[in-house]
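A, B, C, D and E are the chain letters, set down in written order, and residue numbers restart from 1 in every chain.
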Amino acid sequence: MITSLAAEKLACVRGERRVFADLDFHVAAGQALVVEGANGVGKTSLLRLIAGFLPPASGRVTLNTDRGAISDGEERGRLVGWLGHQDGIKPQLSVGEQLEFFAQLYGARDVIGPLLERVGLSRQRDFPCRYLSAGQKKRLGLARLIVSGRGLWLLDEPLAALDTAGRALTAELMSAHCAAGGIVIAATHDALGLEARSLRLEAA
Amino acid sequence: MITSLAAEKLACVRGERRVFADLDFHVAAGQALVVEGANGVGKTSLLRLIAGFLPPASGRVTLNTDRGAISDGEERGRLVGWLGHQDGIKPQLSVGEQLEFFAQLYGARDVIGPLLERVGLSRQRDFPCRYLSAGQKKRLGLARLIVSGRGLWLLDEPLAALDTAGRALTAELMSAHCAAGGIVIAATHDALGLEARSLRLEAA
Amino acid sequence: MSGPFASLLSRDLRLAARSGGGAALALAFFALVATLVPLGVGSDLHLLSRIAGGVLWVGAVLAALLSLDRLYQGDFDDGSLDLIALSPLSLEQVALAKLLAHWLSTGLPLTLLSPLLALLFGLSGQGTWALFVSLLIGTPAVSAVGAIGASLTLSLKRGGLILPLIVLPLLAPAVIFGAGAVSGALDHLSNGALGLLSAFSVAAVLLSPFAAAACVRLNLAG
Amino acid sequence: MSGPFASLLSRDLRLAARSGGGAALALAFFALVATLVPLGVGSDLHLLSRIAGGVLWVGAVLAALLSLDRLYQGDFDDGSLDLIALSPLSLEQVALAKLLAHWLSTGLPLTLLSPLLALLFGLSGQGTWALFVSLLIGTPAVSAVGAIGASLTLSLKRGGLILPLIVLPLLAPAVIFGAGAVSGALDHLSNGALGLLSAFSVAAVLLSPFAAAACVRLNLAG
Amino acid sequence: MFRYANPAMFMRLSGALLPWVCGAAVIALAAGLYLGFQVPPDYQQGMTVTIMFVHVPAAIVAESAYGLIAIASLFSLVWRHPLADTAARAAAPLGAVFTALGLITGSLWGRPMWGAYWVWDARLTSFLLLLFLYLGYIALWNAIEDEARAARAAAILALIGAVNLPIIKFSVDWWNTLHQGESILSGKIAPVFLWPLLIMALAYMLLFAALWMVRIRTEIVNRRARGLMQRTA
């Protein structure tokens, strides 16, 4: 169980370029944080940093759990549910195969059927992912996020490509996740339709 | 000069699946058409059909110009400015190189500098495209759209990944294009911020 | 030199160079294969000179093949091909530009390097000359046939793997005539191999842009 | 067999099979190279049997190499690797699964096919056996060294060409020992090549997951 | 700022040293060449023996350069020394050029000696493979655009190459002795040949050192420029 996430004096350098610096924030379990800011200001970078992909140039991210505080990036990653820009979908696999693989990879015991039902892809279960539309891919990503069963959700523009119903569904899923004691951190340019604190990044 | 675009009894089949059928619409020069509909309803397919990539299963698209009516897909493509889902950007090239290549390919005489200024990428001119953020890539796509100098703009979710300023810019560019006698057809789930007719696709 | 055709050609050459060397890499691969074979076969120069024509021709074909799946795939995957298809160029012209770019960045450099590798295999002067000429004539056919294969396998996400399977059997004549020209020169026979190779090459280059354009059209509709 | 490791392994095998053949393709490529060389070299069976070990070993290495750049690249490009990195598996385990998948879908089938190709080259029974055993022992090293190369070139959009340049020189010992075992068998010498090959192979397989994981980590940070 | 502390020190130090190293290299080179052309024709090899004075030192420097790269890579990976990457990167093309020089002079020498420009001798072959290792290393550096990432990837490759290099060399020795061996002239060199050879070896090393320093210096300057450019982008 995650109790909170804290960033202290976080700085991010990409290439030779300082993207942001001296970032402090704190998110408690059950809260959502929306990361906003102009294009290229470093939202995606921040999410990758929290997920442990990017090492911070300075400062640190601490994830407090009931088993102690985690500062190591890779260890933190084990608690992260990720919905990135890239869809992470293999065109050759069917929707069902794709989701089953991730369920097994993440050691999840979830049943695939109801989940696909929930994101509106049950008719596409045996459909090769190659033929999915942009929004359908995003919905598959949502299903994968749920199946991961992780406490800390990191979402990069979760609403892009989704239709109105899809956006409502996403908001609902995020609320439910928070209500269950999870944390949501989402980078977006849209209104999330969710009660959330906001973190506005400014160009360094 | 394009005078109008007309679709008659248009039907689209992908794989074995009938996506939509009996679609009729008409757009005159200077008008914008927003294509709406749920995920997977066939918006992207419709745009690819108009661009001439997909042959229609039945019916036809006619582009009326001052030099006569064009029904052939490939010929129609010569008048199309395209902003698709995929960015069409080579990570190895710099922003400037990328745009110059397209300017030459499309036989455009535009000057690159002011254009990059307009979409907010002038500082990134010598930056390898690999390092652009999602929104910056979209902005480069917009610049490319302008440089193409084409009359019929086909835009697939043009606002995705753009920040507030970027969305305003896109709306502005579309209005200007219409005011200059062009046609804009955009598939989107967002409010475009533009006076436009709307075409709502329904599942077949 | 600044029309659409030239711009596409020069972009493709630039991309080949940027993705880590372009010509240099095909060359390195060719040279490496040519080095590995003696490591396996043994150091007997007499033996090596007898198999030189065959081994070097196969090596050149493989080296050229290696960069083939990037001919259209990259542009297809990232949507560039959509934009290129809408440009003033016809798809046939696009195919020709890409064929040319591929040959300039692989076939030609491979040909130029071949005399050096012939040296390593102890090939005689005449054999070396025959190898050089046959590669000069034959590598365009390799690029041409390869371009058809590349466009055919376009919509398969990782079609690059099928590519050799489609292309290599079609290139068997090139290898036979090319290596035949070399062994002919070694035995002081004029066996007409070069003539046949030229005919094959011309036919392949003339046919290729049309076939490739047709395949691309098909895949854009997918 | 349904833990994360097994699921990754079976997915990779399934993807290899789906992207048009997997094992079948490596096999076809191997067979094609093995066919083209005699076409180029000529039909003298005595000559062919002498070069068989070398040519088939080089062919097997190249066939295995062919699918190497897809080992991580596909997962990296479409973001799957991000998701896999966040899974309960360590990156070392991921690297091991991928190494294993690559060997199962290329190295092993190549080994099984080799006796048939040895027949085409007129290799004797003993030579064939030596070829088979040396490939069985040596192909894991090819996958292992290859996996390092694949992870090194991960962030290069079209890194596939650099890969052979990096990997082939490192694999020279495998080719030398492997082909040496075959020629040793032909000359009825026991030259210890198989022992050396085993040592090389074990070292490569043990080292590879760590090196590959380090490279993947590096590239995810990019 | 800490990042540039070490390179800054290097700039100062090398700036002071460079003229001396260059001067010494030129003097040694001139002396070596002069002595080299003075030597009496070898009873076996005639005047072609003078090739030795350009060939052997080139081969020695080429081999040592790879060792230097491997050491620098270790420093870069383990201690993250900011200068180590630059040093390794700068040495690679030099090493490759000296390798090529060794190959070319060797094969020019081989023609009169063995009647062929190339034979598949163990030493020659392993040297050729060394050239490929250099080329792969350089290609990797150039292919990855992100400096820091390229540095780490290249360092990993250099270390793997360093582990494998002895294995390659050993396997090639083993391979060649199985078949026929080429007898390279071995052993006792008369003092008339030895002295010019030693001086030339020194000259090559000084030359390498000078070029290396110049390359590191330009690389540091370039890096700063790139850094400035990117930071303002």
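Everything below uses one rule, namely that a contact is a pair of C-beta atoms (placed from the backbone, for glycine too) under 8 Å apart; a residue touches a chain by one contact, two chains touch by 3 or more.
All figures in this text were calculated on a predicted structure; none of them were measured in a lab.
Seen from the C-alpha centroid of chain B, the farthest chain centroid is that of E. Just to note, of A-E and D-E, the chains joined by more C-beta pairs in contact are D-E. A separation of 37 Å divides the Cα centre of chain A from that of chain D.
Per-chain CA centroids place chain B at a distance of 45 Å from chain D.
Chain centres here are Cα averages; for chain A and chain B they lie 30 Å apart. Residue positions 129, 132, 135-136, 139-140, 143, 146, 172, 175, 230, 233 of chain E are each in touch with at least two other chains.
Residue positions of chain D with contacts to 2 or more other chains are 19, 74, 153, 156-157, 159, 162, 165, 168-169, 172, 176, 183, 221. Contact of a single residue of chain B with at least two other chains is seen at positions 85, 90, 92, 130. Every residue of chain E that touches chain D in the complex is listed here, in rising order: 129, 132-133, 135-136, 139-140, 143-144, 146, 149, 152-153, 156-157, 160-161, 163-164, 167-168, 170-172, 174-175, 178. Per the touch definition, chain E reaches chain A in the complex via residues 146-148, 226-227, 230-231, 233.
Per the touch definition, chain C reaches chain E in the complex via residues 19-21, 24-25, 28, 31-32, 35, 38-39, 42-45, 48, 119-120, 122. Residue ranges on chain C touching chain D, taken from their complex, read 15, 19-21, 25-26, 28-29, 32-33, 35-42, 47, 50-51, 53-55, 57-58, 61-62, 66-67, 69-70, 74, 153, 156-162, 164-165, 168-169, 172, 175-176, 178-179, 183.
Within the complex, the chain C residues that touch chain B are 2-4, 6-8, 11, 14-15, 18-19, 74, 77-80, 82-90, 220-221.
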